[in-house]
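Below are two complexes that have chain A in common, paired first with chain B and then with chain C.
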Partner chain A sequence: MHALFNLAVGPLAWLAFALFILGSAYRLMAMRALALKKDASFVAYISWPHALKSLAHWITPFGALGWRENPGVTVVTFAFHICLFLVPLFLMGHIALFDAFHGWSWPALPDTVADTLSIVVVAACLYFLWRRIAVPEVRFITRTHDWLVLALVGATFLTGVLAYHRIGDNLFMTTLHILCGEAMLVAIPFTRLSHMLFGFFSRGYIASEFGSVRHAKDW
Partner chain B sequence: MKRTPLIPLALLLLVAAVFLAVPAMSQQDMTTVPTEGFKQTTRLPAVFAHDAHNEKAALADCSACHHGEKDGKRDNSADTSGIPCSDCHSAQAKPGKTPLMRAFHRQCMGCHMDKQKGPVTCGDCHEPAPKK
Partner chain C sequence: MKTIADRLIEDVGLRRGVDRLTPEKIQKVFKELVAGECGARMKTYMETCVRCGMCAKACHYYMSHKDPSYTPVAKVSQTMWRLFDADGKVDPKVIYECAQVAYTECNLCRRCIHYCPLGIDTGYIISVVRRLCHKLGVTPQYIQDTAHSHSATMNQMWVKDDEWPDTLQWQEEEAREEFPGLRIPLDVEGADFMYSVIAPEPKFRTQLIYQAAAIFNAAGVSWTMPSTPGWDNSNMAMFTGDSEIMARIERAHYETAQRLRVKRIVMGECGHAFRAVYDVGNRWLGWKWHPVPVVHSVDFFWQLIQEGRIKLTHKYAEPVTIHDPCNIIRGRGLMEKLREVTHFLCENVVEMTPNREHNYCCCAGGGVINCGPPFKNVRIVGNSIKAEQLKATGVHTLVAPCHNCHGGLEDIISKFGLNMHTKFLGDLIYELMEKPEAE
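Up next, the complex of A and B:
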């Protein structure tokens, strides 16, 4: 298990970050090329003012009609995404690893806050799982990829919470947590998690069409 | 004027302090990594029974941990036993120095990862100290 831990925090961590960064850059450039090739007339209509205004509305809870339709989903979606970013970036344990290996350090969330936010992520994953099973219109559009990414995120945060509370063998749980996290990082450019990269562009495109062509709001 | 028992009291305190300090400074009783160098701690102190650890790890050379410094680099030929880690490694980083937390993490985790023995995860060191 020590050897696997060393592999996970060493070579596999480098590999995961490299695949995440290079993969994301590749997907963004490939998508840009595809858009220019197939949708050049639409690309010509991209309007930054409309795109930014729409983005501002859509990143505000209840700031768009779409967010007001289903308040429960809105609250969970925002809580989930905020915690999903805050915890990995500002968790003491993660910073301590960067500090020990590379000498990089930055302010951390208090452990109890990070713990609570992680539990929020796990609970949100359970909510999304329930929705995909129980809500017909969501189940209808659910594909294998959706289960995979939900399981990846859920497993990463669940093993993190268990490791923090020292439930189960700590070396096993921590190693599993690191491996899940690395798999999640690699999955960002290559699965539906790529909405982290493309979501803003999709919104910008829709906003441009609504704003410049139809002269209507898209929020 | 009534004589205040200040001097006898002070002497008594001094004797008590010596008696209390001796066991506190002895490595035999060390159960965790010393945390005096930190203004505040975020986790439980890392479990570390000095003598038991060294016996288990077959460590006879003190300078394996109690190293010195030469030209801003670690110098393993110098033995600095008895000098608290935090005397050189202060909690806040000074340019060219290794801050205390990084020093502890590198010292413990680094060696454990090299030897593939001993605790390497957060929860295996920062755990409640075993009851004596």
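Up next, the complex of A and C:
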């Protein structure tokens, strides 16, 4: 188990970060090239001012019609995504790893706060799980891919919380947590999680169409 | 859970189309379409949709039926996702289902863009499904007939070349009994604007041409109508997925305006025609903007009012409500001008909720009403949410500056017993304006 742990925090971590960063860069550049090649009569209308204005509405809770009409999803989605970013980046345990291996260090969230935020993510995953099972219009469109992605994110944070609270074998739980986290990183550019990369552009594009051609708001 | 397969409607165009298909043929056409015409938008939309279901509440079909197979994302899941999952190799019956969803259960109204955090353009995806069905020869017979008419006559309603100027002259003659000096000027080079209408106007709504002529006459503007093909600004080929015919129609329309050397094109109160001329045809033809400026009637009436060219004898006294047509509101942002014109004409305007960009669709547009009788009941029952929205205003007059909206709303009004009647802005202006030279 120690060997696996060392593998996970060593070579696999390098591999995961490399695949995540290079994979994301490749996907973004390839998509840009495809857009220029095949969607020229749509790319022509891209307008950053309109895109940014629309994005400002969409990253504000209840700032767009879709958010206002789906209040439950809105609250959970925002809480989920905020915590999803804060915890991995500002958790003391993560910073300690970077400090140990590379000598990089930055301010951390207090442990209890990070713990609470992680539990929020797990709770949000349970909410999404419940929606996929119980809400007919969500169940209708749910496929295997959606279960896997949700399970991957949920497992990463759940194992993190369990490891922090020392529930179960700590080395095993920590190793599992690291492996899940690495799998999630790698999954970002190559699965539905790529909405993290492309979502701002797809929203920005349609906002440009609405703003500069159709002179109507898209939020 | 129910799917499109549980509510198939027999249509001879769809049936005969799929009877000619094999999975191999479908796959070949699908792959060519994806490789040739789809790019980053389709790829991104297919990949990033997180299947959150937030768009459900955007769609009038879902809001009316509360059936999960009618949500925007469900329509994509029953069409494009299936095709991509199978790499296009599907049974012909799947194409029947795709066609019924794409042509008759989505109005391409784009309301769902206000609901999707990722900005996925479901209307675009459904348009590509239609494009595939068109390429496979699977289109509902009624709308295909209008596309054939466009192809053969350059207008939607099989209006013959001589019937068109004849109709205009007939309307001119009628109008001259009321306004002795009125003309419907044909082919006047260098006029300020060319007025174009949709083919149903000469076919069965000729009074709209009469009214427009009366308004332009009273306003003292310099205008003309073409006597040749290119006069029809409607475009059903855009909705069948026949981009080639769509572009021919738009080219003829622009080139007619160029031949007449007008400063701009003013279009009648139609929504889809405006979408075709303003937002779609130019792109296919390779123009970023329009070779001749394009103005919708709502915008034009607003300008006439600003210039003091329309004077009223009185305002419309009864309360009215405003229906915002998708193609000129989400498609051109005319919501405020529509209100200013309506308030200029009417004493009492009651807003419906939601309104402006967030308005519910009429459920007739996007070619759905043009798919004809087999699908009529679906689009009427599929818009009970609109009936509720209209009823809640408590008024009896509905202003809707779009032909398709008129058709759809009148059907809903009659089905749900709403005791309302629809009006174009032109109807109101004609009724209320000063007619100085009228006899």
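As a working rule, the second predicted complex is superposed on the first by the 219 of 219 C-alpha atoms of A that agree within 3 Å, B and C clash if a C-alpha of one lies under 4 Å from a C-alpha of the other, contacts with A are read in each partner's own complex, and residues count from 1 in each chain.
Everything that follows uses one rule, which is that a contact is a pair of C-beta atoms (placed from the backbone, for glycine too) under 8 Å apart; a residue touches a chain by one contact, two chains touch by 3 or more.
Computed from a prediction, not measured in an experiment: that's the story for all the values here.
Annotation for the three-chain superposition on chain A: chain B and chain C fit side by side.
By the touch criterion defined above, A:Phe157 lies against neither chain B nor chain C after alignment on the C-alpha atoms of chain A. When both complexes are overlaid on chain A, the residue A:Val213 reaches chain C alone and has no touch with chain B. When the two complexes are overlaid on their common chain A, residue A:Pro110 makes contact with chain B while staying clear of chain C.
When both complexes are overlaid on chain A, the residue A:Phe80 reaches neither chain B nor chain C.
Vertex at chain A: the C-alpha centres of chain B and chain C lie 170° apart in angle, rounded to steps of 10.
When the two structures are aligned on the shared chain, A:Phe20 is found in touch with neither chain B nor chain C. In the superposition on chain A, the chain among chain B and chain C reaching more residues of chain A is C. Once the two complexes are overlaid on the shared chain, A:Met92 sits against chain B while remaining clear of chain C.
Across the superposed structures, the minimum distance from chain B to chain C, using CA atoms, reads 34 Å. Chain A uses no single residue to touch chain B in one structure and chain C in the other. Listing the residues of chain C that touch chain A in their complex gives 1, 37-41, 43-45, 47-58, 62, 68-69, 71, 73-74, 77, 113-121, 279, 283-284, 286, 288, 329-333, 335, 354, 357-358.
Against chain A, in their complex, chain B makes its touches with residues 42-43, 93, 99, 101-102, 105-106, 109-110, 112-113, 116-117, 119-124, 127.
Looking at the complex, you find that chain A touches chain C at residues 31-32, 34-35, 37-39, 41-42, 44-45, 54, 58, 64-67, 69-70, 73, 77, 131, 135-143, 146, 192, 194-195, 198-199, 201-207, 210, 213-219. Against chain B, in their complex, chain A makes its touches with residues 2-3, 5-6, 9, 92-93, 96, 99-100, 103, 105, 108, 110-111, 163-164, 166, 170-171, 173-175.
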